[in-house]
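Have a look at these structures, which come just after this line.
Consider the two complexes below, in which chain A is the common component and chain B and chain C are the respective partners.
Right after this comes the complex of A and B.
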């Protein structure tokens, strides 16, 4: 009996050791390539540093103080917030509409439409940016079309007009991510039990009544999650902004992550000095803003779930 | 819900098709454009090419070095996907099937990492790769691309392995398999659906990755990937629209094909992400 027990515990011990060995590679990658860079991004933000010379010039919070006094930083934050609100407002509602239509039981060609509307999601954003730059170029397809049907006489300078450039960024960003929101909504819609619809039908409720009294209230928890994901992705729009407008005209479409990039790595391109420490501070601020916003949505999410749990049982 | 009226249905189909056409227009524009000549591009507003022009592909492939970028992208993507799948499967297996001290802490870290403000991690990553002396090869990019907590994939593997019946493992042990062999020859093959989801999602992410390869190839143009190499057409080839369209087609076609073949797994993965 004792021998059997000790055999068993030996077996258990060996399994545990193997478990640690199995976790080891991911742990090393995580510590070395994720946690270490996160910590160092904070450390760098406290130095005046060009990225090449040794890290010796500790300046405390001076980078942050300078950041807060720089109007280009605030304008980048504003551009980020405009882009984030624009893409979220446009994308969340329209993707719900699409998902409701595609979720109807007797719709034909559901899989076909789903694929079509999902294609922009998987296309490389940096390449989309270059393609769109051409389509909306001064003699690009859109201008040629508008002139052909006689809507405008002169080509529209899409990318050199601040408001138009920002509007296009928002439209393209929404177009790019709509498919992913559609899938989120569809998974929420499919989680609604069908007998609810059946009993609503027996009660004589029509399409709109069912929509407003059954479907939409039940989608509230997933709405909060979709808003959160949409907001976070709106805060990070580097690939599209860099390749489509590159912040132009006059930094008006320069989002925060492009601002950071320009200070950290733009030096080589423009001949200006590289300011890694300052860029790190801006990066930390971007991370903080993102966390703050996701924290707010996280709290709302917990709150709505609790409320629904209370109501249902 | 059921849409009853036939007319309403036709109207919906009409709208969906019309918007769908606009939706994929940039891709149609790209493929058609890749066969047009540059004069055609400037003179005519008609997006349909007057004749099939394969020179654009030759120009993109040879002159703009897309052959090199393509090989770089394939190596980077395949290596990263392999590393991530292996790391996540190993971790998920340990977390899903073995009780060990500290398991709950590790799960908490895997989830909690999402709630740490990240800062600008590409700068330290760049420094790290530089210090390791890996700036001269794709290896540095692969390392940087494989980084992350992979929260979604780890959780998918963990919950999948946790649901597999105990008997499968016991039978393998009876046959004399050790822990490692049980994993590789019995349990891992059973996790095919999760592997497929991880492979396709990571494939598309890595293939499309832009910031990491941009930063890590700043002084090494020959290591650039397709997404980064596209920028060549913006600067020095700024008027070569047809070449750009061909380059874009070369870059996007593999992802489109992989997606259309395996979209079920991708969409399941995305839908799984929101349930976590």
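Right after this comes the complex of A and C.
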């Protein structure tokens, strides 16, 4: 019996070793490609560095001090928060409605509609930005249409009015991610046991009662996941913002990731001087902000799961 | 056994397919012993002509193969990575992410003294040999691609002018004239055509336009957007708030308010503005001297021929200026293993490239005296004539004190305002008081300037003061 146990533990240990061996290449690549740049961005942020000179001019926290004293940085942070809240609020809610509709038993052509709503997800964001810029530009399709049908005399400056530009960014960002959120919700909806609905129906519960007392409560765990993913996605809007508004008008739609790009590679102003050190400090702040938000949602997720587990015994 | 053979066949076919898919599709070099030189080109306006030039070069030198890569929007990142990893290509068009001195200090560049011998150097216009642009001390590190003479000009659409009865003799030379002509065209066309279009989304272009136009009013403020931005060469300090800047910004905004300047300008970058100008959406268009070649280009531009060019109008009809600086050129990596072949290429370029690439593209004036009997397009010589008139050699701060190179780089990096971006904000309605914005820019510039004065102990305000300089007159130390 003891020999048998010893063989078993040997076998287990051998499997564990092999598991680590198989994981190692991926772990090395991950550390190399993800962790190293993150660590180096912290290092760069302590230097006055243009990205092309020797890394010699150590300035401590000066980049951070300058960052905090720059109104454009705070404006970029605000734009990021507005975009993130806007896309999350709009995207999570609308995709839930869509998923409920496309999950209905009596709905015909569900696969077709699901595919249609998923198409923007696989489309390249930068291309969407360019196309939308042509659509909403001052000479764009929307203005031409509005003028043709006589709704407006003068074209609307969609992209050069800060509120309109931000609103459009949020709407397009939401539309782009609608399909993926819908798929998450559908997975949540399909995980709810059908016998619960059948029992409710037998008890005479209608659509709304079923929705508020069965569907939505049971979707709480997936809600937290979708919220987290939407928030993180909302913090990284670079492709769309760069191609659609490029931070215009007057930096009001410049999100933090675009701000980092402008200083790291675009020279902040004209491309004459790049500031990799300063941009790294802004990147570190963006990373910390994302981490903070993710942490909060992580805690909420744990709390929700515990609560549900407690309630279900 | 049969199954195994079939599997093997399928595997081989897939591998062969993948290998075919990975091939570039380009013609293979017929000479397997040819030396390959890597070449990065950052200037899209020269791509087509570089390609044909390289083909001719390879035909004459079958033992050398040039692999050209035209850098796109990510050019800056590519240069930064290459510099950091010491992996610059054999030959490359100016890496504009850092100063020439910085690259030389890091021993990344091969000096070109063997190629540009004193005899060869004499063939070039003397103004192109400038500290930190083409030379460091006595050594040459950049083979200039152009004469360095450039200016923002006013292009006019002859079709539009003839449609609205404006003769070439009536091309506006003053602000008031432009306003009147523009208003008239807008009214006559029922709002379909504007007097002027700008590519104001490209704030660097607006910045150049404002800075140069403003020299008509405040000539002592240096107009460059990348050397001594907004430094007043009489006071030796940053000067954002002056009559030149404020009046030019107000004037351009007024043009927009009075329907002379197309409101679309604020959404147009350079290519879209050029396309709309060529399509007859406006009579006039402000852009650099290189825009003529874009207008004529049928592949990368609208392929429009019926246009003319004149200086931009100024407040009083007088002249304005831009500084003369040969910023673009060919550099050679210090790591090149084929210096002999690189020299062959550069010598061939000096002999033929200025004619076959620079003149043929029509985008620039060459840095050597070439008689252009057969210009690439009708207006080429006129553009060069205007650039020559408007480009003036200004005092060279780098030559006066070499330490100002790092100072200026740090000063530029610390600025987050430009006249071009303030104009854009003003036109968009986000900036309501441009003077207040310029004052903020001034305050920030002074802070950065003074910080750098403390940092660079061997640089002082007097390095930026040139009492003997008379604006509009070419400055020589002699």
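Convention: the second predicted complex is superposed on the first by the 282 of 313 C-alpha atoms of A that agree within 3 Å, B and C clash if a C-alpha of one lies under 4 Å from a C-alpha of the other, contacts with A are read in each partner's own complex, and residues count from 1 in each chain.
Please note the rule applied: a residue touches a chain if its C-beta (ideal position, glycine included) is under 8 Å from a C-beta of that chain, and two chains touch if they have at least 3 such contacts.
The model shown is predicted, which means the values in this text are computed figures rather than measured ones.
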Note to self: Quick check on the superposed pair: does A:276 touch chain B, chain C, both, or neither? Answer first, second, both or neither.
What the structure shows: both
Note to self: Quick check for you: in the superposed arrangement, does A:252 touch first (chain B), second (chain C), both or neither?
What the structure shows: second
Check: chain B or chain C: which reaches more residues on chain A?
Finding: B
Check: With the two structures laid over each other on chain A, which partner does A:215 touch: chain B (first), chain C (second), both, or neither?
Finding: first
Margin query: According to the stated criteria, A:51 is in contact with first (chain B), second (chain C), both, or neither; which is it?
Written below: both
Next item on the list: Considering only touches as defined above, state whether A:139 meets chain B (first), chain C (second), both or neither.
Entry: both
Check: Where does A:187 make contact in the superposed view: on chain B (first), on chain C (second), on both, or on neither?
Finding: first
Next item on the list: Considering only the touch criterion stated at the top, classify A:159 as touching first (chain B), second (chain C), both, or neither.
Entry: second
Notebook entry, point to check: Taking the superposition as given, does A:304 touch the first partner, chain B, the second, chain C, both, or neither?
Noted result: neither
Next item on the list: Mind working out whether A:260 is in touch with chain B, chain C, both or neither, as first, second, both or neither?
Entry: first
Next item on the list: Using the superposition described at the top, list the residues of chain A that contact chain B and also contact chain C.
Entry: 51, 139, 265, 268, 276
Check: Which residues of chain C touch chain A in the complex?
Finding: 74, 76-77, 79-80, 83-84, 95-98, 102-103, 106, 201, 203-204, 207, 225-226, 229, 263-264, 266-267, 409-410, 412-413, 415-418, 420-421, 424-425, 427-431
Note to self: Considering only the defined contacts, which chain A positions touch chain B in the complex?
What the structure shows: 14-16, 18-20, 22-23, 25-26, 29-30, 32-38, 40-42, 44-45, 51, 100-101, 103-109, 113-120, 122-128, 130-135, 139, 141, 144-145, 147-148, 175, 180, 183-184, 186-188, 197, 201, 207, 210-211, 215, 222, 225-226, 229, 238-239, 242-243, 260-261, 264-265, 268, 276, 279-280, 282-284, 286-288, 290-291, 294-295, 298
Item checked: Residues of chain B defined as touching chain A within the complex -> 1-4, 9, 12-13, 16, 20, 23-24, 26-27, 29-30, 42, 45, 47, 86-88, 90-91, 93-95, 98-101, 106, 113, 115-125, 127-128, 143-144, 146-150, 154, 179-180, 183, 204, 207-208, 210-211, 214-215, 218-219, 226-228, 230-231, 233-234, 241, 244-245, 248, 251-252, 255-256, 259-260, 263, 266-267, 270-271, 274-275
Check: Okay, in this complex, where on chain A does chain C touch?
Finding: 48, 50-54, 70, 72, 137-139, 155, 157, 159-162, 246, 248-250, 252, 265-276, 278
